[in-house]
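Let me give you the structure first, and then I'll get to my questions.
Note that the chains take the letters A, B and C in the order they are written out, and that residue 1 is the start of every chain.
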Amino acid sequence: MGKKAKIVAEAYVDGEAKIGHNVSIGRFAEVLSGSVIGDHCIIGSRCIIGHPSKLELQKVDFSAASPKVSDLIVTEPVTRIGAGAIIRSGSIIYRHVVIGEKLRTGHSILVREHVTLGDNCVVGTNAVLDGYIRVGSNSMIQSNCYITQSTRIGNGVFISPGCAFFDNRRIVLGEGLERTTISDYVRIGGGTTILPGITIGRYALVGAGSVVTKDVPPKVIAYGVPAEVKGFQTDEELQKYVDSIETWQ
Amino acid sequence: MGKKAKIVAEAYVDGEAKIGHNVSIGRFAEVLSGSVIGDHCIIGSRCIIGHPSKLELQKVDFSAASPKVSDLIVTEPVTRIGAGAIIRSGSIIYRHVVIGEKLRTGHSILVREHVTLGDNCVVGTNAVLDGYIRVGSNSMIQSNCYITQSTRIGNGVFISPGCAFFDNRRIVLGEGLERTTISDYVRIGGGTTILPGITIGRYALVGAGSVVTKDVPPKVIAYGVPAEVKGFQTDEELQKYVDSIETWQ
Amino acid sequence: MGKKAKIVAEAYVDGEAKIGHNVSIGRFAEVLSGSVIGDHCIIGSRCIIGHPSKLELQKVDFSAASPKVSDLIVTEPVTRIGAGAIIRSGSIIYRHVVIGEKLRTGHSILVREHVTLGDNCVVGTNAVLDGYIRVGSNSMIQSNCYITQSTRIGNGVFISPGCAFFDNRRIVLGEGLERTTISDYVRIGGGTTILPGITIGRYALVGAGSVVTKDVPPKVIAYGVPAEVKGFQTDEELQKYVDSIETWQ
């Protein structure tokens, strides 16, 4: 337990959890075995850190053995949260998760097993990262988004509220885990649906309310149902976005 | 209280709740009067089982008296959960609910009053079953779905994440509870909106991101805004799906 | 503390919170400093009332200083909840929020700072009011809706489940807070996406599954992707809706 760590009596902290300096843990929170919490983190009330994985709980998880997601596996049974995180109340972060510095979340986010997040990410209220996902640094996944397994998200990506990703085009169980890639500095407008197996190229902007059924080239503006390329962004427009996301706190 | 039932000190279990053998109840959970929990169930932390109905809490519920949903009423004031359920943390299940064996849920699902679920169902994180609903066996309702009142869902149905159903086409209060029927072995792609009063025929596949404004015939592939029939599935394709959902655990 | 207030031992109520007569506070709830709870309110288990604002918690909030939302600021650091509210379990209401009488909510709603709600409003399960929002009286925001900052909602508005609003058309950080206005007695069908900076005129009806990309005139019926005017409502139709929402409880 670090210096000045503040844990209310109503919280549960496992004896093997490692708590950094100046960490605050709220009421009715659970910090379970395998948790490694960096200095100056704020863990809101009713959070669960270190929730057991599906394999640990149900004894079965086909994804865990699939070569389609083998690059995403976090082998250590830890929940490592970098310094300076603010994790708002009701959020749940599983074991087998590694998160960089300065994560900020809304309320009641869910991060399942085998997820890696870089530094300075934002995850909005009720967002679900449903396991087997990698996200770079400085990326934002806003409220009510559903990110499916086998999704790779780059640096400086902005996914607006209410977007949903899927991993199984024909909905035949056992044929899922189709790889979706959201490249660096992509922006996706709110309420967008992204079909399985899609790649969105660097700097592309996808308009709100779109249904993305095929790959989107770099730098374009695409939108509609289905999403089509409607224009291109100037280098100045792209730079303006990149600057805004890198300097934003 | 059954043999080997494990209830942490921080949980609340009503004296009249019936708890099977080898049941585990997590921290800060509430298992209220009328709960009947089958053997080997896992109730996650912060769940509420046996939440009072709208009629019990607000003294008023027009749906309760409507002939449009009279076939869906669960008369007994119980929350009956079959053996082998895994109900993940933060989930809320009301009274007047009957659930078969081996339910598996994500986190923070809501099942309101007068809901019946068959065996082997899956309900994903944040999914809302908003009362007066019947679901058959082996059906999956994935994350972030909103299932409205007066919805009947068959066996082996797969509803992908982020789908939403409604029960009131003109939005005049008092004219709701329009009956929607999702027949056996229907698959619905993610982010789909289903208007009130729709019937989707057996084995139909509705593509992701659709808005379903009229009935969908059996066995077809339909998608788009509004959803139109775009093709038909071979018997082999249908059988592949049926096999996959019946053997999946 | 008012007469007959009933607070279970497992709840936390701050010494400076003001609790009216006959108030009930559920298990594992937190009622924090600055809370002013009217008579006869029911606060469900695991609710948080008086959650600190982003500025109080993170020391930074650009929205707080923006002239685009200065008319929405609630200067007093209170959470004032009018008499007769039913706030269901898991809901979170921030400080700097003022709510009229008889609010009814679903479970796990979130109301962030600088939100004002009139009398007789309904907010459905998992709905997010993400700060800097004004809502009139007799309005309903249904389940899974995401209401963005800088949204003004009138009286008697009905927003169906799964609608999402956004405040930043080009997704350049610092250019957000575009003002969206939903006028009195507007109805919005479920699963609708509303782009930033939109005004929807009085009595308009927007159909389910729409993407609203430009202003909608008063009294029309509009729908589609993008939403277009498809018809007009008779005065009788409008009056039927107005009557239904004003008499509904």
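The working rule: a residue touches a chain if its C-beta (ideal position, glycine included) is under 8 Å from a C-beta of that chain, and two chains touch if they have at least 3 such contacts.
Small disclaimer: the values here were computed from a predicted structure and weren't measured.
J.: Nearest 5 degrees, what's the C-alpha rotation angle taking chain A to chain B?
T.: 120
J.: Would you kindly state whether over half or under half of the residue numbers at the chain B/chain C interface are used by both copies, giving same or different?
T.: different
J.: Starting from the mean Cα coordinates of chain B and chain C, work out the distance between those two points in Å.
T.: 26
J.: Which chain B residues reach two or more other chains?
T.: Correct list: 28, 46, 90, 108, 126, 144, 225.
J.: With touch defined as at the start, can you tell me which chain B residues reach chain C in the complex?
T.: The contact residues of chain B facing chain C are 12, 28, 30, 46, 48, 51, 57-58, 60, 90, 92, 108, 110, 126, 128, 130, 144, 146, 148, 164-166, 168, 170-175, 193, 195, 211, 213, 225.
J.: If we count contacts the way the header does, which residues on chain C are in touch with chain B in the complex?
T.: Answer in residue numbers: 10, 27-28, 42, 45-46, 86, 89-90, 104, 106-108, 125-126, 143-144, 158, 160-162, 187, 189-191, 205, 208-209, 224-225, 237, 240-241, 244-245, 248-249.
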